[in-house]
Amino acid sequence: MPYVNIKVTNEGVTKQQKSQLIQGVTQLLETILNKNPATTVVVIDEVETDNWGIGGEQVTERRKVGK
Amino acid sequence: MPYVNIKVTNEGVTKQQKSQLIQGVTQLLETILNKNPATTVVVIDEVETDNWGIGGEQVTERRKVGK
Amino acid sequence: MPYVNIKVTNEGVTKQQKSQLIQGVTQLLETILNKNPATTVVVIDEVETDNWGIGGEQVTERRKVGK
Amino acid sequence: MPYVNIKVTNEGVTKQQKSQLIQGVTQLLETILNKNPATTVVVIDEVETDNWGIGGEQVTERRKVGK
Amino acid sequence: MPYVNIKVTNEGVTKQQKSQLIQGVTQLLETILNKNPATTVVVIDEVETDNWGIGGEQVTERRKVGK
Amino acid sequence: MPYVNIKVTNEGVTKQQKSQLIQGVTQLLETILNKNPATTVVVIDEVETDNWGIGGEQVTERRKVGK
């Protein structure tokens, strides 16, 4: 029954990688907390780099200087 | 003053259906909790089926086998 | 499969009212979008009035002046 | 280490405005709570006006009548 | 830089289990998406069973009948 | 009409500081995006340090070593 929301920047995450995240997180919750995988929900949000800030800066700008 | 976030898969929800959800949820909060509809906020997120997992599987894959 | 998060101020919501919200929202999603109730998840967050602001003011302060 | 999520309607927010929001919120958290800006995360979500309701109405409809 | 929010029912999750979830999710994001663990944020919310609904029912009630 | 959610660790944030955050964020949204403060909603979540991870570690553990 857990609900997991994963937010990452929108920088080319593949369908396969999303599938691996969904599987991996669902397994963790089963292994660690004995949660039934059948009702574990995982939602992945891909956020534009203009819309994500860390250290007071847009990720778009950080990428330009190799951060 | 309530805030409601509804997440559904992005599978053809119409503008009319969104309007009905907004009206319906706002009315529920007024009826059950006596919340003033004027400041009830409802936000609907439509999530790609590749980005939604349940039972450890992407919804995209589940749809292919009729789940 | 929808996920709904309802945030309200922590001002005496009863167990019965929470049950009504869960039922009501689940039914709306079935009626309007034909979503299977078995996997519809509803999570209610009760937020302290000190931690909720609207109009730039804490709800705690608004309540003192009858807003 | 704070995490801030800002949701606004998708009505032409510029990259520059997003940058100002990220800077401004990060500074507020440093000034008021002494939080280290290096690990303050800000995520901005732009929501379609069909998907945002207030007062039981879609923002799309409210805009048509000048609200 | 990812942000992960895990919501589970408040049914005795230990500090050790939370630590394992944090480590596990952070490693998954490094392994699958090459994300720097130093800035991966994980927030766990424990939700009262009265406040969590699935299948239109409160988890509190489901637990009483062994679901 | 914006909705802002601020998550910080639960480490002694005062009512006054919460009020300043609510005012400050509401003003930023008015100044930068011309948003009407009357319908700007700010919700602050205080998260236990056991439930917040960064760098794969619980904040509780990081605090013990002065991080």
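Letters are used for the chains, namely A, B, C, D, E and F, taken in the order the chains are written, and counting of residues starts over at 1 for each.
Just so we're on the same page, contacts are C-beta pairs under 8 Å (C-beta built on N, C-alpha and C of every residue); 3 or more make two chains touch, one makes a residue touch a chain.
This is a predicted model, so every value here is computed, not measured.
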item: Chains in simultaneous contact with chain B and chain F; value: C, D
item: Steps needed, at fewest, to go from chain C to chain F via touching chains; value: 1
item: Farthest chain relative to chain F (centres taken as mean CA coordinates); value: B
item: Chain pair with the higher count of C-beta pairs in contact (A-E, D-E); value: A-E
item: Separation of mean Cα positions, chain D and chain B [Å, integer]; value: 20
item: Centroid spacing, where centroids are CA-atom means, of chain B and chain C in whole angstrom; value: 14
item: Where chain B touches two or more other chains at once, by residue number; value: 1, 3, 7, 21, 25, 39, 41, 43, 52, 54
item: Interchain pairs in contact, sorted by label; value: A-B, A-C, A-D, A-E, B-C, B-D, B-F, C-E, C-F, D-E, D-F, E-F
item: In the complex with chain F, residue positions of chain C that touch it; value: 7, 47, 50-58, 60-61
item: For the chain E and chain F complex, residues of the former touching the latter; value: 15, 18-19, 21-23, 25-27, 37-46
item: Residue ranges of chain A in contact with chain E within the complex; value: 1-9, 13, 17, 20-21, 24-25, 28-29, 32-33, 35, 39, 52, 54, 59
item: Footprint of chain F on chain B - complex, ascending; value: 1, 3, 39, 41, 43
